[in-house]
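One structure, as structure tokens, below. Some questions next.
Going by the order they are written in, the chains are A, B, C and D; count residues from 1 in each one.
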Amino acid sequence: MHFASDNTSGVPDAILDALRAANTGFAMGYGADRHMDALRDRIRALFEAPAAEVFLVATGSAANALACASYCPPWGAIYCHKLAHIEVDECSAPEFFTGGAKLTHVDGQDGKIDVGALARVLAQSGKGVVHHVQPGMVSLTNLTECGTRYSVSEIAALADISHSHGLPVHLDGARFANALVAEGCSPAEMTWRAGVDVLCLGGTKNGLMGVEAVVFFDPAQAWEFQLRRKRGGHLPSKHRYLSAQMLAWLEEDLWLDLARHANTMAERLETGLTGHADIAYPRGGNMLFATWPRAGHERLQAAGAEYYLWPDHATWEDPDPIGARLVTSWSTTKDHVDRFLTTLAGQNALASGAALG
Amino acid sequence: MHFASDNTSGVPDAILDALRAANTGFAMGYGADRHMDALRDRIRALFEAPAAEVFLVATGSAANALACASYCPPWGAIYCHKLAHIEVDECSAPEFFTGGAKLTHVDGQDGKIDVGALARVLAQSGKGVVHHVQPGMVSLTNLTECGTRYSVSEIAALADISHSHGLPVHLDGARFANALVAEGCSPAEMTWRAGVDVLCLGGTKNGLMGVEAVVFFDPAQAWEFQLRRKRGGHLPSKHRYLSAQMLAWLEEDLWLDLARHANTMAERLETGLTGHADIAYPRGGNMLFATWPRAGHERLQAAGAEYYLWPDHATWEDPDPIGARLVTSWSTTKDHVDRFLTTLAGQNALASGAALG
Amino acid sequence: MHFASDNTSGVPDAILDALRAANTGFAMGYGADRHMDALRDRIRALFEAPAAEVFLVATGSAANALACASYCPPWGAIYCHKLAHIEVDECSAPEFFTGGAKLTHVDGQDGKIDVGALARVLAQSGKGVVHHVQPGMVSLTNLTECGTRYSVSEIAALADISHSHGLPVHLDGARFANALVAEGCSPAEMTWRAGVDVLCLGGTKNGLMGVEAVVFFDPAQAWEFQLRRKRGGHLPSKHRYLSAQMLAWLEEDLWLDLARHANTMAERLETGLTGHADIAYPRGGNMLFATWPRAGHERLQAAGAEYYLWPDHATWEDPDPIGARLVTSWSTTKDHVDRFLTTLAGQNALASGAALG
Amino acid sequence: MHFASDNTSGVPDAILDALRAANTGFAMGYGADRHMDALRDRIRALFEAPAAEVFLVATGSAANALACASYCPPWGAIYCHKLAHIEVDECSAPEFFTGGAKLTHVDGQDGKIDVGALARVLAQSGKGVVHHVQPGMVSLTNLTECGTRYSVSEIAALADISHSHGLPVHLDGARFANALVAEGCSPAEMTWRAGVDVLCLGGTKNGLMGVEAVVFFDPAQAWEFQLRRKRGGHLPSKHRYLSAQMLAWLEEDLWLDLARHANTMAERLETGLTGHADIAYPRGGNMLFATWPRAGHERLQAAGAEYYLWPDHATWEDPDPIGARLVTSWSTTKDHVDRFLTTLAGQNALASGAALG
């Protein structure tokens, strides 16, 4: 019953097999391996973007911070939601990599930037006034940190405003695959066709050991990115072990199958919670935020369930009821979900086990 | 016949097995996995340093730059050899992570800092004068970039001078295992007993996919390091895949066996080159720099041998003879070496094959 | 009728005289001049802080950013009001000098941090969690950017909370003298006795050409500050021209007289505006924010009055009525104020002049 | 007898007068003052560069570091002499402002970069190789830190090589006026006509209180520079006090007269030292490096002469003879020089005064 994060899951056997298959002979390092050539081709085809440039790094924070630094100068503003991962959970990595850019909050419900709010902020941005940081870029996250999802048309509306102010659009796609299968659109539709200029395509949370692709739909920043990656210590010498993983993940749509499974498990969890807990946000994929009475938490804790309290600063000392963040992954099983639900509800485990059998 | 770098080799089966074994169930991320607990214990025992703090990152540049930044302020000098990896091959990663420290060259033959030169530089360091960068730390590399090796007593002499000026000592150990087995001393003898304050223990060049340990013998910088690692994007969420690899590598002295093999292959290569090439530096482990006539290069290139010309800026247009850097690894075979030697010498491959059989 | 800013004023003759007097013979540079020795003594005496360390720079942004960088690490949070000068008007200078710290907003009315809000933010600061920036310091501004004033007891309450979390307190005192004379307390009472650890004592807005003192009540950061100042390009070689100015300014309480005059002019302006304009905030010193009908603005513009619209992004296209920021200085005269008021009101200047006479 | 530095001198009365004249009424800040408009015009005319952009800062370190940062990316190399002020005397300000660029030494006699050495370094620069810092810019200093002077043709030869590699050329002109009058050429000839892209025109060492102009002959970097200046804390609010000073200095060639006087005094000093001391470098302007017996130093110290030992790390404990750096300025008098010489020589001051009369 592990719902702490999708990054506590392991990797499918196919990924291990791919590593073993890649582990033959010598391979030139630093991205000059043949798996990377194949991966680049695969991503270009999947995204219908033949000129896209693709680079790998091992963490999502690196992908985001390097992508932002490639577009936003040190005196720039990165417009994002106040709950964005780059703002809350990366210990000022974007500030570090950009050389001191400022993350400027744009309001919106459910972790999503509001179109009107972005328009207002950009209209009052201080552009051209030397005392103020200058508009730099807009950063979206899909799925958001609230587990909600931008639709394709929402992304397009935000990108339109951004571009009308000359600002590039970054998409933090740590859970891009989960958003994609939930939205039911193509990779191109959710990215460059909607106006995304650079995508951080997350593999780690969806079945890889630690592989994220940064996809530049406009390759103009590619060389600068490579230099930033190198001096950030993010250019792996034995690069094939990253590219081989992601190549296997993208072949035969494994990545989509894994994401679809995670979403289905979250849906099952949401359905089961209904009536027992308050769900905080419209579920966009594989993440839920819910509040239920302390007694249910106590049963779950006793049974060894793992999850984080929510919001971030919540503690067991908070008044009843208490919130939780629940994340499913490719390796979450129906049994995990059902045991969680029956434990929370206080049903007889044996009985429920039987029923679920 | 691949002698381009030890980082073009793969990983032993034992590492793949360890990954597969670690790939069960859920594991808390960011270093809170049980493999990391075991690895920390193992490193503390191996280095006879029960209070040491150990952290993993995926690249050597990250390990070095983060270790340096944990000790050297932005206005500090990092004293190193002009050929040091941190100076030449990391695209100013140390400058980036420290916030603009200055790498100050200290002379010495064969890629090794000279004790007298260090003493002279530190005696004229400008300490306490606000116009000059302030002495920050001393950084050694073992094996050096010239493939030479500091003896334990040489390290101790340099560390003594450093410490007498209040400066901590960093050891870039990308090829630490190769140096260790060649020197025939214990890990403690080559590090903290000789005065090393922080070691970057390289796994990648010696059989891992991309794992480096930063070992703080004095744990005072540990929390700062963790924050720097996080905001540098170098804290892996699925951390178990790094710790499990290095744990397997350190068990039953696999790391030493791999390094010993690489060194033996380099010795075989050196022996075979004698009389056919000029060897540039005293070999310290698994790396050679040698110069031989163009004709030998042409035969090797035709036969598909891979290696880098040397020095860095050498080209095929340089006058005869031409230099090369040759690196062996755990996966170099006698056959690789012998074919290289016979091809260089222009011997009949069949005949030489028979002779070597 | 110049109310754009107190930094559009000149300097009193006494300052020019001090420059001329200092302009004799040779003087060692970089702070080793005798005027600096006298100034340090004077500030220590005025602030009843014999161990304080004092350093000069030429701009307020430099003073603030360097003071913050001396206390807050690159991964730290600087807690400040969202309208703070360091957040809005310094083009990310604090981010630059700290190496990427994050300015975290704390709510409060009238440009002042609310005690309860600070307590709540610090209670949920993420301290000890590596994914979040770590609490770094608290920055107050007095007078605030809204022209309001923290009382001594308000500063003490905020400093108490800060210190209880181990955080130092920075006071941006660009208009410190104006706050001081309005509050009617001693320099010590408004600073270290209330818990301020480092003060940026602004001279530029109150009669100097460009001199700000950074006063460390705890001298522990003094050497680091000096190195940061030097590498920030903020250590003047001909330092005497800064120290001589500020010394003259502090002698015989000139600084207080200048500030008192500016405040009196603001009071006169406020009195005159009453009934003609909406005053936005309780006036704390020499700055007013007020809104009045467009017709009044048009008369003032036609008469050559200078002031900034307010808020920052206000334009002449905004709906009626329109806001303005009005700042008085040591060189504002009764006549400036009265002409402004009569012009705004549309009165006959001659008549009003007579009436006001 | 003050020969410690030209920055220990004061300012001519004309500069004080200009300050007093500028001190009337209100003036918009941050460079929007009328003196700046006039100064910009004056510099454009003097340099025959009608499109040049001109910005002021208060220190030479700021001018240099900001100019470098406007051209060199964080992963760039700034090629300079190992004795350059930016390398030795600015406490890593260039590294700070660029975000971690690397200052790469180019050899040459007498503090001057050698044309052949620059060509060799640039031919082996590692351009396009992601592991190495990328060629960024070339920085010259005239007068050099050795007091020598680049001729116009030497600057042109170095700039040609730089430009052939696509690198801009920065000229640190802290003593530009001294070099100019000694060389006997026009400002344009020593700068953009010779290939200089950005000049730091030093006023401070030649009669101003603390004013340096950064002159961009190609205005493409102007806006970026302004943002960097602001966030560096180097945009003065009461800007008129800088522009009025430099305007007065450039009017009626005061700057050239001051420099010419300083050079003449250095020439007189050099002539007088001949036979009594070893002069280290060919004198280019107002600075000398000379070595003479300890006894002469003792007489000078006893008489209160001020100068720095040379080289930087020299001490009174060094073996006889001992080196000194001697700098003259606009305010050095014949009497200063003559007393210095007679004291050094141990002559009766009265007698020598008569002889020199």
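Here is the rule we use: contacts are C-beta pairs under 8 Å (C-beta built on N, C-alpha and C of every residue); 3 or more make two chains touch, one makes a residue touch a chain.
Keep in mind that this is a model prediction, so the values were computed, not measured.
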{"item": "Path length in the contact graph (subunit B to subunit D, fewest steps)", "value": "1"}
{"item": "Comparison of A-C and C-D (more C-beta pairs in contact)", "value": "C-D"}
{"item": "Between subunit D and subunit A, distance of the C-alpha-averaged centres to the nearest whole Å", "value": "52"}
{"item": "Centre-of-Cα separation between subunit D and subunit C, whole angstrom", "value": "34"}
{"item": "Subunit A-subunit C separation of Cα centroids, rounded to whole Å", "value": "43"}
{"item": "Set of subunit D residues in contact with two or more other chains", "value": "74-75, 90-92, 95-96, 99-100, 130-131, 227, 230-231, 235"}
{"item": "Contact set on subunit A toward subunit B in their complex", "value": "2, 4-5, 7-11, 16, 19-20, 22-29, 57-63, 65-66, 90-93, 95-97, 204-205, 209-210, 227, 230-238, 241-242, 306, 331"}
{"item": "Subunit D residues within the subunit B interface of the complex", "value": "74-75, 88-92, 95-96, 98-103, 123-124, 126, 130-133, 312-313"}
{"item": "Interface residues, subunit D side, partner subunit A - complex", "value": "30, 73-75, 99-100, 130-131, 134, 224, 226-228, 230-231, 235"}
